[in-house]
């Protein structure tokens, strides 16, 4: 069984494409077939992005994985049944109908396992995924062993064959995108509330079960329609990666869905174009890798949730604490010199808190001011913990050493008020 | 002299079968902990994600030596585990989505690399990654028995088979040596750490072993069987027992059974049915393993649906008999030693009162003459017991649980049938003033 | 009542007539969680215009009571009525504040978005959120002192602020009866004061608020009615009458062993597990 599983769009040239070819391809001027593929792949990206965002918010990403694997036995049995009935076994609608039925059966099985046995969701998903795929593989070998028909072509459903997409597929994708957009616009608030707070949604009278069913139906729709292009193993990536990448950039559901659709479209567009231009670049894999690259970039570089931004914030806070500690101790015990690194002393001097770079340097005017403030916050917090902790037990675990640096003016005023309210004097430092 | 048929089996079926058993056993054992820790999908992620490492190792070393491929795939698996953790922690991505992102990107990378390898006219089959090539693990069996059991044969054993045998031994050693550490770390990581067992380290070891299983098995059986074996036997065992040690033993048994039955179904049965070639063994073993989960869910003596519904039915029967005896006892209390069936029937909540009467008669609790019923001596004692429980419960519910006297009858009517301790009370009457029958012994 | 699948002859058809004035009337309600009864035969009538504290130890069934009233967990037996009507017909007048821990605060919505959720019922299916709705939500946030935080993502709020967002969402529902599940859990003093001020304001408008509460000390100052709960109602009524040492001892002095055992036995019988 040595088939070329994932074929490139072009097998004609082996060398790098010229700039002209690149330009033609990405501006959709290089032939009708290529255009159909690129447009269809981009539309698939949009549909996957929007629907995947719902799946991510509802924490159903892996259900989509089980569902896509569970389509294989449907495809193979549809093939077997159709050829037994003398129909055209390769007819796409028949195969996709089979895929839909067995995909839904798979999800139903997960539901049955969760309802009637003690097994948990992860095990239920894993069982359905592997067993359904196993059935598919066995049926595939049945097809291969019967001499009358050949399984060639069915393999494309596993690894995908974007090149096989036609104008009809582009139209199908376009329809699904329209459905997804329509639902996203119409039922956005219902979907959001069910995903965020199911019990509140139900109390408000929004049927959570119906919304879940809607999300699941959309996942089935996009999985089945993308099977042939991307393959049943990688189709789940079209649902998971774009929203996960988009989440780094935004804190709003609406923007999340839009960005997720854009990332999906971009991946589909780039993936299909690269596959069209370069030899032996299976489009499904390239699309997923594009999405993956966008995910990595997002995870690293996004402004607040990104890893780099997190590291910078962390380092800044650490530095701030180091500066504050030094200033506080120099303020409190002017003759005692805390151990400091050279770079910290440079920083203190640059900020104008010390008078020289020497470890025993005295504080400047602004250094004294800042040191006094830190000292006062420290004492305030300690006093608060001792006298009023029972009022706000949730803050007691903020350690004294940490919290004095992150107290903002608002909180300090409130602290003073609460200490006064409990009948104590706010201890003041003698300047 | 080895007969031709036997020789054929040894050549074509012995090693595939041994490999399937090894994979099933090692994955099945490791899977117990994945299922308990709700990390089953880790097996899925790892087994998909070995592909790029495999192809890379192959391209770099340009050899198909199992050792090289093992290293490549192993590196890939560990990178996957690390990446998933990284995406989860640093990226604050939900665990399911984190797995999905990492494994699909890794798999896509693998597919792409495979395609490049194909360009260099390298024959690497992507299909085998998914559903294996058990069938290719043949060796040419000698014609004589003494030749078969000689050192020379050992050299002819396919390397995949020896790798798998090694893995199985490793897994068994791992499980036996770290049994209690694994158990405590799966059950309560916090407790494990306070006991001086590094739960994180155990988790890492478990992931390494999962990766080893996935990597060693994939070439023989493909990733699908690995996933099925990691999850299905352990799940089946979990449906049959509540004890971890029993669960582990059962899972091993189920794994081996699935491997043997699945292999037979795929290799020998199609031939008997006159099909031209055998079916995919890895797929068939997964199907058998899955059917075993379904079977256990239905027939398991402890948690199966049949056992549950049987116990519910027998409880219903007991309740009906006890209700009947209770009614007769109450009637006797008010001076009617014999009750007609028609006077009893409306108060009984049962479809077929005759069946209940028959069962009670068989147990020697009730005698029937024409259309009227009377309690026997044993029935009288049983009735006293049930009414005693009923009235004690009523007293308890009113006195201790503050439940309104109007409401307690309904609750007591159900609690009297359950195997709880009798409410402890010296009172002679229930809240409605009826006497509590004395304790029988 | 159907604890066991064998349904006994019902002797309890006669249900007391509830006055349509009572915002909440619970009658003979038994609630099972995973088929294990956690609340036994609860009878309770909430008086209009009052602040009611539900008090009891952990695992006493306090949240379960609220969830069963709201139909989030099916009751195994009994009836719940609001102003003499079933929940379905009273929904518009009932507000709910779930436990803060019950949601994922990393969810990509702003404080204002969350408050708007309280209006979804009024807005109706498939209709967009309009300026007027946002203004109403904003007003509610302002009332909880959170106007400046309206556009922050909810993870960036402190625990107390998150709780106040939930309260603002309930206020915007403009209900007549509120259920609040531990609104005081883990909040700072400022939030606690703000919440209690809102509760009193609601009472002055003749509304009823039923609150799961943990802090016994503040019950007499904050609430006028209380329900002492531990698997069953120990006592319910005006705080001044029922908040006695004896009742509190009954509530907190350990579980009723036999009742707990009965719950386990019912659960086993229900699930068809082997008995003992």
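Here the chain labels run A, B and C in written order, and each chain numbers its own residues starting at 1.
Following the convention adopted for this analysis, contacts are C-beta pairs under 8 Å (C-beta built on N, C-alpha and C of every residue); 3 or more make two chains touch, one makes a residue touch a chain.
Bear in mind the structure is a predicted one, so any value in this text is a computation, not a measurement.
Student: Can the chain contact pattern be summarised as a line, a ring, a star, a complete graph, or none of these (other)?
Tutor: complete
Student: Select, from all pairs of chains, the pair with the highest number of C-beta pairs in contact.
Tutor: A-B
Student: Using Cα averages as centroids, what's the distance between chain B and chain C in whole Å?
Tutor: Those two chain centres are 38 Å apart.
Student: Could you tell me the distance, in whole angstrom, between the mean C-alpha positions of chain A and chain B?
Tutor: That pair's centroid distance is 32 Å.
Student: Using Cα averages as centroids, what's the distance between chain A and chain C in whole Å?
Tutor: Measuring from centre to centre gives 35 Å for this pair.
Student: When you check chain C against every other chain, which residues touch at least two of them?
Tutor: Residue numbers touching two or more other chains: none in chain C.
Student: Please output the residue numbers of chain A that touch at least 2 other chains, ranges allowed.
Tutor: Within chain A, residues 247 contact more than one other chain.
Student: Give the residues of chain B that touch two or more other chains, as numbers and ranges in rising order.
Tutor: In chain B, 92, 303 touch at least two other chains.
Student: Touching chain C in the complex: which residues of chain A?
Tutor: 57, 186-187, 189-190, 192-193, 195-197, 199-206, 247, 250-253, 256, 388, 391-395, 414, 418
Student: Touching residues of chain B toward chain A in the complex: what are they?
Tutor: 35, 38-41, 43-44, 48, 87, 90-94, 96-101, 104-105, 107-109, 111-112, 114-116, 118-119, 123, 125-127, 130-131, 224-225, 227-228, 230-232, 234-235, 238-239, 266, 270, 275-280, 282-287, 289-291, 293, 297, 303, 305
Student: Which stretch or stretches of chain A touch chain B in the complex?
Tutor: Touch list, chain A to chain B: 1-6, 8, 56, 59-62, 64-65, 113, 116-123, 125-127, 129-131, 133-138, 140-142, 144-147, 155, 158-159, 233-234, 236-237, 240-241, 243-244, 247-248, 279-282, 284-289, 291-292, 295, 299, 305, 307, 310.
Student: Provide the residue numbers of chain C that touch chain A in the complex, in ascending order.
Tutor: 67, 70-72, 91, 94, 96, 98, 102-104, 107-110, 113-114, 116-118, 120-121, 123, 125-126, 128-129, 153, 159-160, 169, 186-190, 192
Student: Quick check on the complex: what are the chain C residues that touch chain B?
Tutor: Chain C residues touching chain B: 1, 3-12, 28, 30, 40-41, 43, 77, 106, 231-235, 256, 258-259, 261-262, 265-266, 269-276.
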